[in-house]
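Some structures to go through are shown next.
Shared chain: chain A. Partners: chain B in the first complex, chain C in the second.
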Partner chain A sequence: MNTNTSRGEADLLVIGAGLSGLMAAWQAARAGLRVHVIAKGAPSLHWTAGTVDVLGYMAAASATAVADPMNALSALPGYHPYSLLGAAQVRAALADFLALTEAAGLPYVQGDGNWLLPSAVGALRPTWLTPQAQAAGDARRTAPMLIVGFSGLRDFYPHLIAENLGKQGVPARAAMLPLELISTARDRNAIHLAHALDEPQRHQALGRALRQLVQPGERIGLPALLGLEDHGATWAALQSAAGAALFEIPMLPPSVPGTRLFQAIRRSLRDLGVRVDMGIEAIRSHTAAGRIEWVETATSARPMRLSAACYLLASGGVLGGGFDSDHTGRMREVVFDLPLTVPQRRSHWFRAEFMHPAGQPVFQGGVAVTAAMQPCHPDDPAQPLYANLWAAGGVLAGADPIQERSLEGIALTSGWAVAQALARR
Partner chain B sequence: MSSFTTSWQSAGPSLDECIKCNICTVYCPVAAVTDKFHGPKYSGPQAQRFRENGQPQSPDHSVDYCSGCRVCNEVCPTGVRIAEINTRARAALAAQQGIPLRNRLLGRSDLLGKMGMIAPGLANFAMNNGLVRAVAEGVMGISKGAQMPRWSTQGTFAAWLKRSAARRLKSADKVVYFHGCSTMYYEPYVGQAAVAVFEHNGFEVLVPEQGCCGLPLLNNAEFAAAEGYHERNLDYLTPYAQQGYPIIGTSTSCTLTLKEEAPDMLDIHTPAAHDLALAVWDMFEWLRDLYQAGQLRTDFNALPLVLPYHPPCQYRAHHLGSPVMDILTLIPQLDVRESAARCCGGAGTYVYKKEKYQIAMDVGQELFDFVAEQGADVTVTACTSETCRWHIESATHIPCRHPIEVLAAAYGLYDLHARRLLKE
Partner chain C sequence: MKRIETEILVIGGGATGTGVAWDAALRGFKVVLIERRDLTHGTTGRYHGLLHSGGRYVVKDPQSAVECIHENRILRKTHAHCIEDTGGFFVVTPEDEGPYPDKFVEGCAATGVPCHEISIAAALRREPLLNPRISRVFEVPDGSSDSFLATHATAQAARQAGAQLLIYHELYSLIIEGAAENGTQRVLGARVHDAAKGHDVEIRAALTINATGAWAGQVTAMAGIRISVIPGKGTMVAMNHRALNTVVNRCKMPADGDIIVPVHTVAVIGTTDERVADPENLRIEPWEVNLMLEEGDKMVPGLSRARVVRAWAGVRPLYQEDYAGASRDATRKFALLDHRERHNVAGFITITGGKWTTFRLMAEKTVDMAAEHLGTRRPCTTASTSVPGTQQGAYWLGHRLHEIEENALQGELICECELVTRAMLENAARQNPTITLDDLRRDVRLGMGPCQGGFCTYRAVGIVHALGQAGVWQGDAGHQTHAAEEWDVAMMQSPAHNVAESSPQQGTADRAETCTPRLFNPNLLLRDFLQERWKGVLPILWGRQLKQERLDELIYLAVLNADHLPDAALTSPLSEFYRFDTTPNDKEVRA
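So, the complex of A and B:
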């Protein structure tokens, strides 16, 4: 025996535990399918701001932010994942995501059009859904902001944020508090601080300090570390102690809002009986007669075979690890060796200008799919390559999630759509 | 400096995959409870850049507080083998500073086992005597709170095999059993349960000469000694591997060491080491494969129990999903509840070190709380790793069993509470 086999009885094997894979798993499990999720490691949600960007900018025309993505979808090219999915599916998927987060105790909110939320350098991020704790930072409102940092906390500089907000017409001032209000431990990262703030004594002390700083009419921006496991209660208690609206500003990774979202969805999946196995890296597959027969994963010795009725590739793109390249720049999709629209020469990956408004080609390519999200040859968009394989999220071709600010929106809606299609079968 | 610490054939290159995202620090159970460990990113890939290429000094001595649980490897999105980088760094540190006698002792589970077996009753008395333990803590730094295993008072596993030789099944289907030190000297009943399960499924069990896998030595920075241990096992076991016998172990850390840790850490990438690694199976990995092939007997008795099960870090490092859950859930009326706790805290010999005992208890709190939440009628828990079982038992005051004991009980072959075979 040179391979071993897991109890492969799943209806759906999801490869990747990012937003697309998790959303697909949740939606499919709710529809009664048996789902198994595997991932090489913790997903890139831990790197993100925790918001759901649907469409912030139209690619190659990125000077002004999109005011309402739902009105802009129809202007996207036909090969864009949103165009393949259609506006109705996009809306339905996002509504289900709101329901999921509400039920998981981490409610997200939708505004009238894109929110404009400050980043850790005071730039404004157009985003469609935000965790409730970031909503009060909306820069479309004119109420003045007090940005509060902590001395000794790296990666968060309130004066920089306030100054940049001011330049964009948002009245803001900055203040510092001692980090010891949260923790006296040395060299803590954001996750440890967020966890420490869950303790009532600490967030009450912080709330009192904030009340002394804030002036009437101000809203307070803080680094995103207002609680972890008990975030909802911690944020509400802090807000009432401070006597002002509080909002979180996401910091550098590890992202507390992204970690909260991952853990909330993972809990929801556990309640539905879905296994999410980390440290399981899919390395190749076996196909026969136009079907995926099994996926092989790396173990400490011989590879393991995992089989299921259907497979969802949700392994992410270049950044998520779904694609790999050799030293010449030949890029390949790791698990199924699917054809890619990514430039196959290293010199063609990037433009000479890093901030070029048209974005970078290496992030724009990916796996071409049919309208039903099944991988296909880029020249033959009607014909799936395998009868039981789907793709969602960062692997998809036809979008530039970085330039468009559409990463989470594409992930959620494409993952959701695959689950819907499978549930109907 | 020993040659092992400058060679970077396996864990080393993965260092360059680190993008400094700190996900490892988010999930590191040790960094979450103590300032003494700065987290996997800092002590691992980051500090490593300063240790490489002949740099004389390690910049960061906190790496000694890494428990080696490998949660960082499990969550790393880019495949950096942080725990292995840390193990090598500890070895480099030890090469500079020397290894305390305590660590040399804790690293030799085979020697400790043999010594205790000279007079197990006396040894158990001493190890559970408060005065002796207070002296051991004061003089040696061995934490007095940590639960010592009890030497077997019914003789070693080998002695039982010899006694029961006439009753053992002969069959054309044969497996090799790797028992490990703890089954040999402390818990022979785990090996008895394994043999009973093999035989119930029609397999003859071969137990060739074998030695300690060397993991405790690797964890205590004694690479040269560990190399000797691994070479010996290669001599003993590779012939069986090359004849096509599966070599199956019940100690999940031993099997991981034979498969991956020893070859990687010691840079033993010979054909023999490769053959052995591919022949080694963890018990439940092999049982799951048997089940998948339709060959596992499923004539289980109902086992009406709520069973909290902790998949130990070492088990997760096999990257196999959860074969124990896959098999135990076949048993009627057994309500197995898998813990999502990151680590029990014990981490092999870690908990036995005075300065680390409290950290081990704090790390394990997540798991101890999970066990408590399963209700007051929980009478037994399960874990595949022996040192974890001892640690979980001492913290929860509930007996902790190897899942193979549970399986043997479900086959009607084993008394789960008395820990003995029913028919011998």
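So, the complex of A and C:
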């Protein structure tokens, strides 16, 4: 055999290092399981707003934001991942996420209902949990906003944000500061800028400039780059120097808030002894007698086989690369070749409008699972396909998590539920 | 109603119409051109970008081949910066064996198209991805061209010569006097609607030239003249990688999917040829995309498995002669119709058909006829007149990257795919009514790369919004005649030569009228451009391009919540066009 085989050290092999895989790994490790996480590359956390969207819009009434997702879960169809999980598990998982981030030094905050947070184009994003540094942007409060941008920053346009906020009845004005207050580097990547603001000596000058701009009673919205490694201290120091509440507005990828969250959870996993290997792509698997025997990965030298007692597919669907497709309209799940509920015909994948209120049908489909989050027979939702395989996050069928703004919520809660199920075994 | 008086009115802002305006202005005529949308919005902006050597026509249509090689040599001088000297191969694949290759060689000799047979080994050294099973390779002077830039440069040359080019001016009627029955009918100009300002304009002209390509029959019908111009749809597919740096043609009678053109950062496989009823709304059928990929594989094995960026379709005007009388009209592959002689309608000429490579020649013949109508003879000078920008030399793929690295402009990029800097976009936007970001796309290639607007749409909206707030388009929307030096087309695509202004310019005092505010709504700009890009990716969304699309959804829905912005009910003159349904349907087989 010219493959390397790593035999059965882990109780759980997690494929994918997005929120679902990381949350499952954390919860399983806390329950005493030996967990190994492999991932092809950086997860979609690096592209998101860094908030936890649980349910922002219902497909049937997508014009109005959901006020309180916990009251709306019961209205979802039976095949929706939240319906399979049940409201009690959803609440418990989110509570554990709050505990995890609090302990990791990146506290998240729950409001009374969905927060309504300004986006970088000035729309109001309904989200359930927000990093502390975004919370002061809640548009349900009446305090006027001062949106501050930096000249030359290509991913943040304060005047556009303020104008759109104003159109929605949120009092806001805009101002620009020189980018040199943050960095004189030529490349204006948000991650680099956030790194630059980790340095305490930059806080005073920026804080002073903000204090000169702000009027009494205003809160200040800034692009989400207030520190990366030392974000909590940076945010607090700037807020104190500015003399006003500061809130971050997430920008286009790469996402600073998402990167912070990834790093915080990864640190927590390291503390629990969980191995997280990035750059290892699972490409196929071997099954026998209704069980997964091993997963094969593409590595630089030669294929490698990883085996574990249990497997969690958390590879993220189309967005994460967990599904691939070709021009014939065939969509396949890459590692286990699981049956997908995606229509196997391209003519049924799309609608004529990019921003159709009901979303694109292709993204509704995925891996159908049992109530215990095990991939199931296409015709029998009670019958697991493999005794030792689970699925969580973006691969799940029954929801378009980007369309309904439930991406992080479904990921966290389904990943958590898999770990709970495993811990109980 | 606003009135304009001119000698020549040109209808249509494609390559041909713009070329006519340039030629006529150089000959000293007073010229006004109207285009209902942006320059090149029609067929010119939707072709594969081949500068013909003529090789494609040496057997089927020798006259066209002679014209192509003649014009090829001229355009390499007059429009040097719009043309990449890729060279071209005619390759004999295993399917193309037979008598054609020898006929091709004879045809090249007879028409003067330079053609050299080279060894397979030499061809593969130059193009390693080429099918190694080809049996013969002929090298010809094909090239690839940027039809957006070339038309802009021609338009700039026309303006410098005194022409007035009015975009977003839609023709709604011809002004006609007299009666057809007694042979005294005459076209006196046109009434048009200025979509940017929302008012009508009457243009009086001694001669009206219809240069509307596949739409030509619709325009002549306004004068009661029936001509037969059938729109022939050609579908093209852009691959994410150039795969080849040389144009590759199959050495056989021209057919579907037998050409790959490397143009800018992509390789275009073209084309199909389907007669359609409506030149306006073109569906791309799954079989067309599949056929392009299958045929592409015959020239570059495995090409079909590479990532596809986009598919689009253009319409060729297929002119059918149904006039029986003796004619001194030019009867080549393009059709120049003298309606005075043919239909007893004076003051009216139609030019249609042809191909991009021969646009200058078409314009020359058209203006020759126009001069005769106007009772004068003035020589054509376009063959020896370079358009602005030619001093930059021939196009080369690396020019933007080179300039960005030389000038350390990495932080200024707002479209990383196509290397568009903020200053390039701002300068283009200042000179544009910016009814849609698609206008800026044609100027600087915004959003044409792999992410199809995923990152740059938001940035462009933010930048254009800031320009609007600074009053850049107060009054005249920048789309009327510009002072020639105001709009430096020559440097439009150069990162190094577009210098950012510290604060956007204030509108000048003479721009007194106010624009229709709805056209400058940032939320509408954003929605329209995302939808415009969506339309062209729909036919090819699978694999990695589908993953890219999902990332774009993540950005615009989850991160920006752009589907819940204010002003959701606003539409632009282009919104409906962008909404046309191009979703793949179940017609998997050729109709």
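Heads up, the rule we're going with is that the second predicted complex is superposed on the first by the 421 of 425 C-alpha atoms of A that agree within 3 Å, B and C clash if a C-alpha of one lies under 4 Å from a C-alpha of the other, contacts with A are read in each partner's own complex, and residues count from 1 in each chain.
Assume a residue touches a chain if its C-beta (ideal position, glycine included) is under 8 Å from a C-beta of that chain, and two chains touch if they have at least 3 such contacts.
Values in this document were obtained by computation on a predicted structure and should not be read as measured data.
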Which superposed partner A:108 touches (first chain B, second chain C, both, neither): neither
Partner chain in contact with A:321 - chain B first, chain C second, else both or neither: both
Which of chain B and chain C A:97 touches, first, second, both or neither: neither
Most chain A residues touched (candidates chain B, chain C): C
First (chain B), second (chain C), both or neither touched by A:235: neither
Contacts of A:82 with chain B and chain C, given as first, second, both or neither: neither
First, second, both or neither for A:186, with chain B first and chain C second: both
First (chain B), second (chain C), both or neither touched by A:294: neither
Which of chain B and chain C A:405 touches, first, second, both or neither: second
Touching partner for A:416 - first (chain B), second (chain C), both, neither: neither
Set intersection of chain A contacts, chain C complex versus chain B complex: 44, 47, 185-187, 253, 321
Chain C to chain A touching residues, read off their complex: 286, 289-290, 293, 304, 308, 408, 410-414, 422, 455, 458-459, 461-463, 465-466, 469, 522-523, 526-527, 530-531, 533-534, 538, 540-543, 546-547, 550-551, 553-567, 579-586
Contact set on chain A toward chain B in their complex: 1-2, 4-8, 38, 40-44, 46-47, 185-187, 189, 191-192, 195, 253-254, 259, 270, 275, 277-281, 297-302, 304, 320-321
Contact set on chain B toward chain A in their complex: 21-23, 25-27, 31-32, 35, 38-39, 42, 73-79, 246, 256, 259-260, 277-278, 280-281, 285-286, 288-289, 291-292, 316-323, 326, 340
Chain A residues touching chain C - in the complex, by the definition given at the top: 44, 47-49, 53, 62-63, 65, 119-125, 152, 154-157, 159-160, 163-164, 167-168, 185-188, 250-253, 255, 318-319, 321, 324-327, 329, 345-347, 349-355, 357, 360, 362-363, 402-403, 405, 407
